[in-house]
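In order of appearance the chains are A, B, C, D, E, F, G and H, and numbering begins at 1 in each one.
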Amino acid sequence: MVPLLYFQLLGAALFGIGLYGVLARRSAVLIVLSIELMLNAVNINLISAASYLNGTGRFEAFDGQIIAIFVITVAAAEVGLAFAIILRMYRNRGTVNVDEINLLKW
Amino acid sequence: MLESLKGMMLTLASTVTGLRRPVTQQYPTQATPVKPRFMGFPALTWDGGVSEPYCTGCMVCIRNCPTQCMSASMMDNPKHADGDSSRRKIVDYFEINLNRCILCGICVEYCNFDAIVMSHEHEMSTYARNGDRVNLPALLDIGKKYQVKTDWVPPTVLAKQKADAAKAAADDTADASE
Amino acid sequence: MAEPAVPTAIPERADSQPVEMLLNMGPQHPSTHGVFRMVLWVDGEKIVDVEPHIGYLHRGSEKLCEGEQYHQIVTLFDRMDYIGNFNNELAYCMAVEKLMGLQVPERAEYIRVILCELNRIASHLLYVGTMGLDAGAMTPVMFSFRGRERVQALFEAVSGARLMHNYFRIGGLKEDVPDNFRQLVDELMPLLKEDVEQSDRILTFNEIFLSRLKDVSPITADEAIGLGLTGPMLRACGYEYDVRRAQPYSVYDRFDFEIPVGLDGDCWDRHWVRVQEMYQSLRIVEQAMEQLPEGPVASSLGRRLVRPPEGESYVRAENPRGEIGVYVVSDGTDRPYRLKVRPPSFCNLSALRRLLEDTWLADSVVVLGSLDIVLGEVDR
Amino acid sequence: MSFLINLAWSALGLAIMFAVLSLVVLSLVWLERKALGRLQLRFGPTRTGKFGLLQPVADAVKLILKEDIVPNDSEKAIFWVAPVIVVVSAFVIWVTIPGGENVVIKHLPLGLFYIVAFAVVGILGLVLAGWGSANKYGIMGGLRSAAQLISYEIPVVLVAAAVAILAQSLDLREIVAAQSSYPYMVVLPLGLVIFFIAGLAEVGRTPFDIYHAESEVVGGPFVEYSGAHWSVFFLAEYINTFAIAALTALLFLGGWGGPGLPDVVWFLFKTYAVILVVFWVRGTFPRLRIDQLMAFAWKVMVPLSFYTVIIAAVYRFYALPWWTLTILSLVGLGVAGWIIYRRMSAPARRVADIQRRLAARRETIASSSST
Amino acid sequence: MQLALFVIVTILTLGGALGVVATRNVVHAALFLLLSLLGAAGVYLLLFAEFLALVQVLIYGGAVIIVVLFAVMLTRSSEYPRITDNRQWPLALITAAALSVILGAAFWLAPDLATEPQAPAFTGLAASLFTKWALPFEIASLVLLVALIGAIIIARVQSSTTADNSPVEPEG
Amino acid sequence: MTIPILQIFDPATYAGNWLAVVIAIVIALAAIGGMFAGSQLLSARRRSAEKLTTYECGIPPTPFAWSNINIRFYIFAILFLIFDVEAVFLFPWAVVFMKEQAAGNPIPFYAMILFLAMLFFAVIYGWRKGVLDWQK
Amino acid sequence: MPRPRRNAPEADADPPPDPIELLSVECRATLDRAVDLLGGFSPVAGTLGDLPQVTIPSTGIVDACATCRDHEDLDCRMLLCLACVDHQERFDLVYFLQSLALEKTLVIRTAVPYDNPVVSTVTGIWPAADWYEREAHDLFGVSFSGHPDLSPLLLYPEFEGYPGRKEYDFNDYREF
Amino acid sequence: MPPQPTEIILGSGNRPGPSLLNQATDGKVPGVITTTTDQLFAMARKSSLWTLSFGLACCAIEMISTYMAHHDFDRFGVVTWPSPRQADVMIVAGTVVKKMAEPIRLLYEQMPEPKWVIAMGSCATNGGPYYRSYSVVMGVDHIIPVDVYVPGCPPRPEALLYGILKLQEKIMAEAGDRGATPQA
């Protein structure tokens, strides 16, 4: 039986990696990918909590999973929009590197 | 929509006929029907009467061939010396590179001695570039096969027969009208 | 793109931002009908520009003709437009006959016309089939080749060859048609009609086919004339012009046939015109069979060496693909001094750049198919 | 322990399933060539084995024996991964596709959703294949395949949902059971048509074979693949074809239900019947162009499948008699068909126009020349 | 058994994630992301959330990755083969590591309330989604709508401007 | 070969089901691996530099400019993404709304109809905007 | 329009008739009209077989062609063919023009010198001339000034020589 | 255009290169086993000759005829694929022009082993009617090795089918006795 903690630690590690990606990478595409990682970390946490804490009365299993579904929904919407913006940025400025983009000039 | 459905009916119909009789010739198992005039590769004819080729090696065909794929040489006909044959000269050596021949039939048209025919031979794939460079005996072999297969009569003889027949017919009618 | 047919160099285009992709089609490509190559600049799926490249089948036929005797050249003409062989032979023979002032026996003329029209049908059948293939349908080509196969069987019975007939001679024919010719043709006609109808029915009005071809690369008659388009390409624009009617050669003035024309000059109209032409050709063959006179067919020259007088001649004839012109310059020897062919596909193809304006990548295939080119005569 | 035995059983079952699917693919290849042959008045393979039955075997062996080329410019990793993705996603859905009442690896309670979910992954494989080949035709084909497959995935999903609404279950066995009295083909003919057409597009068959159109993009994503890699794609393509046919049979034709014969036989019979229709369509139609294809997906298929879902739900919700649904769906079909007919036959009507105008012109010419 | 499976999916997830942040090739990054997300689906399966796992496969494995691939293709330029990291990447590393450690510690120290893992049957989840969570569900549909319209507008305005006006000169 | 399924949650069946899926993946991988390995082992090979060039109809390949792929593809991808998300909601709803209705709760039905209406509005919007037309 | 055979030796006896006399009435009319209209380009009337032919110096070719196309009496809106003939000391460029509406063919001939074969292009008048000119450039080395792109059409860029010219020998192939 | 090799490569035995297995087991496996497996493989290969769809000139028309219903290449398991990567046989049907020589060589190179070439028609064999032309390659074997020469101009479809049969014989012969080419 795998304890809840393992899942939580997995989530934390994934979140950290995602964060590193967001901070360290220059390409906007990769930053969005890293954000996806972070969102997944959150989902893992949510679902593990939902699954393990179902019986405790603090957290209903349905709720955790449903929130996760909403997270995924929002993530999908976010990906769509984010890449639309990146595309536009690329078309206008010819680059996807965030530090080459001066948003004020846009 | 309608036309598409019609098209589907058409293919269905063709399937039904296809099940009954596809148009395919089952090539290796089923003999290929070639038309009598089919021009396969050229071959030399054999005069059965005197057992010698018709060809005199006169090179007319060679000069007229658009691909220059033949060569020949001529010699005195020993049989003529013996009086067996009316041909004073006879072919000594004849070679056609069938790989280069374009089956145009010009050689046959221009030969004055009925010596060359377009045989029905056409399946002659080989493994070598000049694998179908055939010499006199081989050409005669093909020719003999063709002659047997089609009951070959020399075209000049044929034409003469025809002319005679026509003349006879004309005479007949002339007779009748008289 | 506004000016017609101005090729640019291949490697780069002037635009600073490379918004197009360079796509190379051919010489080995299933739908270039031989070894034609076009370099396309595409933006997504839209064609921005095209540069045709030909010459992958340039065999130097015109030059070779200068080195061959007149009677041997027929074989080379067979191999130029290798789908409309008889039509090509006819054009060449007429050119030399005109040069020599030869009169062709009437029966020979009729047989020539019959064979040419059958060849036109065979050629258009091939066109229909390949058009189907280009548009993605696999079965029409099978149907149309059934018809072609039947026509070819007749050709074989007549000339001894399925494709490279070498049957027309300067001043006549090589020999008379076989005795059962009439019977053969009578047997062929209903079958051929059925084949033509089937390949017509399965394709012409099919909705998908229509939507693929209709309104693709339309062209007006004026532009078509300027670009030198002839034959079905021109008629599809609604211009009723056919050399067989305008300057009747051989015995074409004795037949009653219609000249089908299109309206918009788009791919579908070209297709439709060709399909209709097949029916008209069937009519011509029928009439010619009825009128076929008896008499000699062979050339009065016999097997004598053809040695036309010094001079020049130019003849025009209607090939399946358009108008062919043969220009012969003779210097009085047994070989032509210069022989120039106006190949219909060559002119039609040179308009490709104009025709591919504002089309999709997938259309390029269809447009090329509707040109019905034969590379053998484009490149010669 | 029983759990492990269970596991062993399913492993064995899956291995058998893979073998069976391979056999099915061979049979499909043979059938396709034979069927197309007959459609086209010829025989198809005859010389390899009796009736050419060994032809697909020979093809398969030969393909394995072919050299496997990985071009220099390709992105090697992607080039290798792409076929794997395609085949895995094609095979994985067979875990839950039943071939009969009890002929199944596992009945997943979420079966239909599971199939939908994994079917989407396969699209990725094609895009990656095109991408990895670094070939222009490949990339065009990859893009086209992505655009096409995602567009037609939506009608498939929506119609599957409509069936789920009717059956009130995502379990394929229950869906088939729910059709015991009448197959859904009867109540939802619209759904059948949509599913079949979108399914054709999903497996890239004529008239939707634009992404590997030979006459345009010379094989599309597969253009650089040879030997074993290529045969893997081939395998996946046919497995997918079979899956779509099987799903059509399961969702609309009553699955394995049928009198007399064993259920597997009925299932195979129906599936192969669907496949024959696929081949028949392939032998008849030309292919669409990409803009027409996409327009068809989004302007016809998606609204129609929305309509399907809604009528199915309404029918269920208000507990209407079953023939109302039939009528509703036939109405949808009719309206869509009519609209398409009007739009697509516009050129045909223009032909009549041409002919009329030509006749008029000819008459004027005739009259002017006679005067 | 379960632990072994957990280890496998963890390796998949974290390995994929590391791949995403480490690779130099954007397409490879997308593939690594796919790996990581499929690993996460495995995690969900271990947590008895099969529906969520399938959703993960459907949305991420199918749709999102395709969107990503398209975006990558559309923005692919010569710079891609040599994508680089920020100059502050050590800083980022430290931040990320610190956060992970803090989070991990927090989880570690949190009181262990866990019971046996269990998950609801699918229908229960569905029922809850459409009753208790009906309002958020509608809001989600609005979010989707807005996202769709926004994406269309952003992408479209762009395409029409390039069609009408001369394209803006790219920089760098 | 089958295991009776339980509509209610049952961890044993659950594990069996999903392990079967995992095994399926493994088997597919193994089969492909076997094929590739067999092919590597048995296939004839003769490498040359030109064999490894990219096929381009017989012309030495020109480098591919990655820059432009029609943006239209991306819009369709977004549309697909949104519809996929919609499917996520549609499937649970499909099996549950009747049960809720039976339990006297019609809300799910109307909620979904509203949801579908909004999505359909999105399609119509895109249609009107010409997004679906794929014109240049 | 068949002419009597003239290759028989007895033709020597009477001088051959002027070929222009042998033209049909319509062709004759076309020829006269064309000579009229092209008066500014010092035209020489002649025949090509049974077709009317006007020979003009190469300098005026573009304007002459424009006249032929635009004047309603000639109306030669189609360029049928452009042939190049190598006469060893000069090249003859033969333009076959066609009026589809009036059903007339007119031949314009011009000579360019062998050592400097340059003539201006007629692509501006008939787009159809594009490939003919490229071909002539390819095979004969005739240059067309003003032509947008004279890159090799039929031959590959590395090809040396002008194979259409008489001096270019045939390939000699020896197998025997 | 790189210079054409001047010498004529006469009908070269174009056998597949060695496989890894062959390399590893060379001489270590009893001949019987390798021979039978080789023969089995050869049977598979010969029954599934996929051609590169590729027509050059007039002969291509007869080649297409061979694919069509009347002669039905499919009976022999011959189908065409547009990409050389999936092809086993290249049927060079038509005149090989110097401009086309390079593409043909490249296409041939891009075909995976084992691969065969059929020269169809006299042009592809040795220039045929164009033997005096300045721009025609005198036989495709100047560029790539050819296995079977099908004479004729154009060869009838049956002649091409016969060529395929000859090729099948050759494949079997190679498998039966490695190192010997069958007699012409």
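One rule holds for everything that comes next: a residue touches a chain if its C-beta (ideal position, glycine included) is under 8 Å from a C-beta of that chain, and two chains touch if they have at least 3 such contacts.
These figures come from a predicted structure and were not determined experimentally.
Chemist: Identify the chains adjacent to both chain B and chain F in the sense defined at the top.
Modeler: C, D, H
Chemist: Between chain B and chain D, which partner chains are common?
Modeler: The common neighbours are C, H.
Chemist: Could you quickly compare C-D and A-E and let me know which has more C-beta contacts?
Modeler: Pair with the higher count of C-beta contacts: A-E.
Chemist: As a quick test, compute the distance in whole Å between the mean CA positions of chain B and chain E.
Modeler: That gives a centre separation of 77 Å.
Chemist: Taking each chain's centre as the mean of its CA atoms, how far is chain A from chain H in angstrom?
Modeler: 56
Chemist: Distance-wise, how many Å sit between the C-alpha centres of chain G and chain H, to the nearest whole number?
Modeler: 45
Chemist: In whole angstrom, how far does the Cα centroid of chain C sit from the Cα centroid of chain F?
Modeler: Inter-chain centre distance comes to 48 Å.
Chemist: Could you list the positions in chain H whose residues touch two or more of the other chains?
Modeler: Residues 17, 19, 41, 53, 68-70, 72, 75, 82-85, 99, 103, 107, 110, 112-114, 126-127, 129, 131-136, 153, 156.
Chemist: Touching two or more other chains, which residues of chain D qualify?
Modeler: Those would be 37, 39-43, 46, 65-69, 109-110, 113, 116, 120, 136-137, 143, 146, 150, 153, 170, 214-215, 218, 223-224, 227, 283-285, 290-291, 340-341, 344-345, 348.
Chemist: Could you list which residues of chain C touch at least two other chains?
Modeler: 17, 19, 21, 24, 27-30, 45, 55, 58, 60, 63-64, 67, 75-76, 139, 142-143, 146, 149, 164, 202-203, 205-208, 210, 379
Chemist: Enumerate the contact residues on chain E facing chain F in the complex.
Modeler: Residue list for chain E touching chain F: 45, 48, 50-51, 55, 58-59, 62-64, 66-67, 70-71, 73-74, 76-78, 80, 118-123, 125-127, 129-131, 134, 137-138, 140-142, 144-145, 147-149, 151-152, 155-156, 158-159, 163.
Chemist: Under the stated contact criterion, what part of chain E meets chain A in this complex?
Modeler: On the chain E side, the touching residues are 2-3, 6, 10, 13-14, 17-18, 20-21, 26, 29-30, 33, 36-37, 40, 43-44, 46-49, 51-52, 55-56, 59-60, 63-64, 67-68, 70-72, 74-75, 77, 79, 83-86, 88-89, 91-93, 95-97, 99-100, 103-104, 107-108, 112-120, 124-125, 128-129, 132-133, 136, 140, 143-144, 146-148, 150-151, 154-155, 157-158, 162, 167-172.
Chemist: Could you please specify the touching residues of chain D with respect to chain F in the complex?
Modeler: 3, 6-7, 9-11, 13-15, 17-18, 64-74, 83-84, 87-88, 91-92, 94-95, 102-110, 112-113, 116, 120, 133-137, 139, 143, 146-147, 150-151, 153-154, 157-158, 161-162, 164-165, 168-171, 173, 218, 223-224, 227-229, 231-232, 290-291, 294-295, 298-299, 302-303, 306, 309-310, 313, 316-317
Chemist: Can you list the residues on chain H that touch chain B in the complex?
Modeler: 8, 10-11, 69-72, 75, 122, 125-129, 131, 139, 141, 146-153, 155-159, 161-163, 165-166, 170, 181-182, 184
Chemist: Going by the contact rule set out above, which residues of chain C touch chain B in the complex?
Modeler: Residues of chain C touching chain B: 68-69, 71-72, 75-76, 139, 143, 146, 149, 153, 156-161, 164, 166, 174, 178, 198, 201-203, 205-208, 210, 303.
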